[in-house]
Amino acid sequence: MSSTANPELMLEPAFDPAGSGRDAIGASTAASQGLNIRHGTILTLEDINVSFDGFKALSNLCLYIGVGELRCIIGPNGAGKTTLMDVITGKTRPDNGVAYFGETLDLTRMSEVEIAQAGIGRKFQKPTVFEALSVFENLELAQKTSKTVWASLRARLSGEQRDRIDEVLATIKLDGSRQRPAGLLSHGQKQFLEIGMLLVQDPQLLLLDEPVAGMTDAETEFTAELFKSLARKHSLMVVEHDMGFVGSIADHVTVLHQGSVLAAGSLAQVQADERVIEVYLGR
Amino acid sequence: MKRRPLLKSTLAASALLLSGLFPFTVQAAETIKVGILHSLSGTMAISETSLKDMALMTIDEINAKGGVLGKQLEPVVVDPASNWPLFAERARQLLSQDKVDVTFGCWTSVSRKSVLPVYEELNGLLFYPVQYEGEELSPNVFYTGAAPNQQAIPAVEYLMSEDGGAAKRYFLLGTDYVYPRTTNKILRAFLHSKGVADKDIQEVYTPFGHSDYQTIVANIKKFSAGGKTAVISTVNGDSNVPFYKELANQGIEATDIPVVAFSVGEEELRGIDTKPLVGQLAAWNYFQSVENPVNSAFVAKWKAYAKAKNLPGADKAVTNDPMEATYVGINMWAQAVEKAGSTDVDKVRDAMAGQTFAAPSGYTLTMDATNHHLHKPVMIGEVQEDGQFEVVWQTEGPLRAQPWSPYIEGNDKKPDYAVKSN
Amino acid sequence: MPTALYRLFLLLTLLLPLTGHAGDASDFVAASPSKQAKLLESWSAAPDAARLPLLEALQQGRLAADSGKNPFIEVNGLYQSAEGEFAPAEAPRKLRLNNRLRGLIGTAMASHQLLAEEPALRLAAARELQKRAKPAQLGLLDARVASETDAQVRTALTLALANLQLVDRDPAIRLAAVRLLGETGDPLARTRLETLLDPAVEDDAGVRTAAQTGLAQVKRKLLIGELLGQAFSGLSLGSILLLAALGLAITFGLLGVINMAHGEMLMLGAYATYMVQLLFQRFAPEAIALYPLVALPVAFFVTAAIGMALERTVIRHLYGRPLETLLATWGISLILIQLVRLLFGAQNVEVANPYWLSGGVQVLPNLVLPYNRIVIIGFALCVVVLTWLLLNKTRLGLNVRAVTQNRAMAACCGVPTGRVDMLAFGLGSGIAGLGGVALSQIGNVGPDLGQSYIIDSFLVVVLGGVGQLAGSVMAAFGLGIANKILEPQIGAVLGKILILGLIILFIQKRPQGLFALKGRVID
Amino acid sequence: MNQPLAITVAQKAGPKVTLGVGALVLAVLIALPLLHLLPADNVLHVSAYTLTLVGKILCYCIVALALDLVWGYAGLLSLGHGLFFALGGYAMGMYLSREAAGDGLPAFMSFLAWTELPWYWYGTSNFLWALCLVVLAPGLLALVFGFFAFRSRIKGVYFSIMTQALTFAGMLLFFRNETGFGGNNGFTGFTRILGFDITAQGTRAALFIATLALLVGSLYLGFKLARSKFGRVLTAVRDAENRLMFCGYDPRGYKLFIWVLSAVLCGLAGALYVPQVGIINPSEMSPTNSIEAAVWVALGGRGTLIGPLLGAGLVNGMKSWFTVAFPEYWLFALGALFIGVTLYLPKGVIGLLRKRGEQ
């Protein structure tokens, strides 16, 4: 079920900001928050190095993700995939190297909260939701509104916000258990809830860490459709081991190995690459 | 059906809450209620438990002799647990709920200060058995312990005398609370009046429960290099053990630097290995080792009582100054009630003036006509190996107490009779 | 000097009272306190060997007198008449001495001991006279210095002499004396030299300048003594904090159990020592000096057993819930305190120091290092080494470290986590019991002994870094020394408050403590 | 720890019942001071002893509520709330001792030989400034400590040990006489408040009503917060702080807000405690008091607002009863209570009632 990924999509800028209608929504939401994406790349990582007491988790890694692109990152365990996400979200500070969101926002000097507010959403490897709050309340919290203390004291759910939540509840098929505490959901449902929370947060760049781990085939397929529908409006970076899933969604695949990029290109190209086979896919 | 269990249990819970507040005491007509307000738990239990037992013994003794005005004395014992607000609460409960006619209690100055407003508000009667800093004269309190001029000042006079070692420099060491502060203020003024310069006086305070006296002892040694030095210690009971141990271990004997202490009595010595302390001094108005018939009977009675009630550590039961003061206080109160013919506080207060009692200290102590204090003799005792004191000096007769010390400015205007503090 | 000869000499002097110098003892007994003082002063100026036994009896409080003022010397319970043959009419009463008389007796004894053959005795006497020599003894000292054979004793004697020569008429003698005092570094010398600086007291300029340089020397020596003293007391306090906190470093550092009843383990260790002391007093009074050594294993196993019992009953259910463990163990500490208060009474219990733990060694003129503190520092260090060995070199240690790092995985590998938890907690409590034995030697032993150490122990472990023994060791000694440096400057209370403040700020900066756990912390 | 039980208890047991019980308890509490005004011989007369005792317990209830806001909702177990309670008490104590001393110096300053007031005592003779101090002292301390603590992200038990060290340092500081707060004796012997005699029945009743009003006010505030989005964010801070950060919330601001609010509530409770009990001294700051407060909340039920009130009432009621009936066994009972609650009543009495309510 390989997708008809268009390899050269990456080479010329995916679209110019003024661009055709298809990408207008993505561009407009990005532009509305003053995110300068003139050159078309939403995320730029150059020569990123992270070491934990001598162990090189990332060694001068370079990665560029275009606006509206769906990038998959694959690689063996310990290749530095989660550390990469930690660096982007500010959880871990790189020893050196450059990390920019859009053209102006330097991720290495922003706190996790500023990065999240700037428009980077993250889904954790282990689904973490607010267990004590109901599903509806989880989404309400994640919604894109002013998140200061004073705002939350006076907050009233507007009709439009309520509709947006209902719409997302429908897409992740959880509208049935709106009032149930999130703690009582099944593993798969929690994964969907977390994805739902990402949607209401409406970020430009979604970082998804093994989103389909532990899901049934039907759920995996549904998630693939969901991501593809998102691809145009948001840029996605998916870390995944499930080759079938990667095949079904990826425009572009990057293979990480021991902290640096081993190979990049379409899935077919990558699967054919000798080094990748030897290191990761096996004979 | 669901709601009723919830309703029942919440009502039950609030009932328990409210029932805890109205302790109902059956009013027995023919006894006189006597309140005993001493901490039986917390940091002060160490000193106050023996006072409670002494009070109970004295009450039994009086009851055995027919009680007072033909009625038996009924002790009401409560435990304020070394918690000062609880002292005030228990005092109010003794006076308003249990309606006691007299209370024997308190040890630290702060516990007395916290119950004083309650006794003055409800016109109760309190007997305070412990030596204290003075500066207080309430009509509702009788002070059977020593005022500063009945303990601190004679002790310093002894240190200045030839026999006491003719000290030239004085190191005032105390725990940081109101009794040491006031006593040292009085002593500093007294030393100035005797011509001791400020450079020869050093005042050092340590926090409660201080246990590391290395630096303090080093300071004392440095200070004593400047001339014959004596240490006047108002260190609180508990911290004395580490202080004396450190003093002995650093090779300081009583002959080089004598130490006189005001809150180390026989009770505290029970908890200390007295070998290194031999020769150290303490100033009190009574010592167990004082030899006179009244005292030997008193000590024998106490040891028998301790064994009979098998109090913890009964075989090593000792008597000390506050216990003697409690014993004298209760007997004097009983005599005053007999004289006044009623337990009404105002009548008893007037009857107390001039009361006399042959005390175990070997003197007949008289209650002053106006200032609610006892006339008491002062004795300096030296620690012996067996944990007892040997009296090396004592005043000829009892001294009149000066609650308003002349060495604090502004005290001369204070009246020498009791007046309400607010 | 063969000691046999000396013993003969002693025997001889014992018999002397029978031949009896005229009524020394009886004049002393009959005299009033002030007259007794004069008598003693005259004796110390003109020592007479015959008087030695009388002085010894006086010093040990063995002189007594009956109603007829006849002197008796008590020799292990029997009253021998000191002079003449008087049978004691009724039990003679011990003579009452006060501090002043005891001081004078000491000086008299010293001057008498100068005559003794034993150089060691003479040296001790000379040192005593350095402190207390009276001007009247100038002649005696002069004579003794001339006839003294032993070099060490002679220098000590010349020093004692120098103290008295400061007021000599001849400036040359005064100059020599001042120079001699300069090297001693004795605090008493400092005050004597200071008085010499004032021209009114000392007219000769040369002596004054010599006094100036001498004073500078003495001050420098005293400063070194003071600094060493501070460092030592810092180390001593540090070792006490370490002993208190080490057990906690295991239960809290490794097991992650917040044990607020840790202070009570110290207290139980101290009470175990008290019980062992009682047993020794009753059954083996002669070996009383060994009771602390026996108390160590006893305290260790008693507290370890109680620790294990607590772990099995309460703490086992609360792993992974730190806040609840904190409250539950606080409840345990309240119960333990009240239990001990009911069993042993609210008063402190008396734990006496054996002879080898009392007194101190004179290192510098103004610095005495108490034996018990030296022993405790040594004891703390070897407990640390033992614990380190146990944790890193034994099977139990391996299991404990495995369980603490990843309880689930350890269980999968067949490690009996339940038993390991129990043993580890027992080990932590046992070490606290050992700490209790040490604490019983330096402070008082009461029901709430533990309360004053619980907060300090937690701060030491948190500051040192959880899971790191080395961290706790550094933190304990660091805190001890910091406390002792601040105390002289700003007093004990402000010192403690300042240190608490610094710790709170430090933990903000480095929540993982001095020695952080290596590796990535995935939370 | 699952969701705020206060709301579920109300929903489960039916709103009418909880309101009914609440109204009943409130009515009894309002009646107490009024009955106190009756002449002494009247059978319904409530003695001053009972009024001050219940008043004291109400102050402790406010402390329990404040602690529950930070512990039950934000997951911050503070073992130092006694310090904020005592700071509020001291601010009121300064005013009361200035009132008692008239224009002279407060009594304890005489033996320190101070001739004039230290700078921090200025203005404490007027009531309004004293009220500001009651709020400012604990509030500012909480703000500074909280700012540093939450910025450095110290977690769970470390935070508790730091707060314990803070209150211990505060106690040592106030024990010193040079600090100028009466050292070990603290302040006592109060006579007047706002011109009224402090021992008069009217004043006692007014103080009681004020305490009750503060309790009901803070309960209402607590419910409002729990129901608002702020309350939900707080619960999220307790359960999954990382997740919350990646949703764009800065947990430091939320923690700091609830921390300072809780400290101020404790300060106000302390200020109302002192005139009723008549004494304030450093032992209020001892770590034991703060840990005892934690057990009230744990017994009552964390995360419910009514639970801690019940917990505070029960434990203090038992304390008053035990220290009279069985003085030696009180500490056993309290210790057993600590262990029992943590082992068998993780959700506290309210949790018990809720479970019973469900059957």
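Here the chain labels run A, B, C and D in written order, and each chain numbers its own residues starting at 1.
What we mean here is this: a residue touches a chain if its C-beta (ideal position, glycine included) is under 8 Å from a C-beta of that chain, and two chains touch if they have at least 3 such contacts.
The chain list, named the UniProt way, goes like this: A = Urea ABC transporter ATP-binding protein UrtD; B = Urea ABC transporter substrate-binding protein; C = Urea ABC transporter permease subunit UrtB; D = Urea ABC transporter permease subunit UrtC.
Quick caveat, the model's predicted, so the values are computed rather than measured.
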item: Touching both subunit B and subunit D (chains); value: C
item: Per-chain CA centroid nearest to the all-protein CA mean; value: D
item: Centre-to-centre distance between subunit B and subunit A (centres being mean Cα positions), rounded to whole Å; value: 75
item: Gap in Å, rounded to a whole number, between the CA centres of subunit C and subunit A; value: 68
item: Centroid distance [mean C-alpha coordinates] between subunit D and subunit C, Å; value: 45
item: Gap in Å, rounded to a whole number, between the CA centres of subunit D and subunit A; value: 46
item: Shared-contact residues (touching 2 or more other chains) in subunit D; value: 172, 175-176, 242, 328, 331
item: Touching two or more other chains - residues of subunit B; value: 40-41, 176, 205, 207
item: Residues within subunit C bordering two or more other chains; value: 338, 342, 493, 496
item: Of subunit B, residues touching subunit C in the complex; value: 40-41, 43, 45-46, 49, 162-166, 176, 204-207, 209-212, 214-215, 218-219, 221-222, 225-227, 238, 241-242, 245-246, 248-251, 254-256, 258, 267-268, 270-273, 275-276, 279, 281, 311-313, 382, 390, 392-393
item: Subunit B contact footprint on subunit D (complex, rising order); value: 13-14, 17, 20-21, 25, 28, 47-50, 52-54, 56, 100, 108, 110-113, 172, 175-177, 183-186, 188-191, 199, 277-279, 281, 283-284, 310, 313-314, 317-318, 320-321, 323-325, 327-328, 330-331, 349, 353, 356-359
item: Of all residues in subunit D, those that touch subunit A in their complex; value: 1-4, 228-230, 232-233, 235-236, 238-240, 242-250, 253-254, 257
item: Contacting residues of subunit B [partner subunit D, same complex]; value: 2-3, 5-7, 9-11, 13-14, 16-18, 20-23, 40-41, 77-81, 83-86, 88-90, 92-93, 96-97, 108-110, 113-114, 116-118, 121, 133, 135, 176-178, 181-182, 185, 205, 207-208, 408, 410, 421-422
item: Footprint of subunit D on subunit A - complex, ascending; value: 89, 111-113, 116-117, 121-122, 124, 128-134, 137, 140-142, 144, 147-149, 152-153, 155, 181, 183, 197, 201
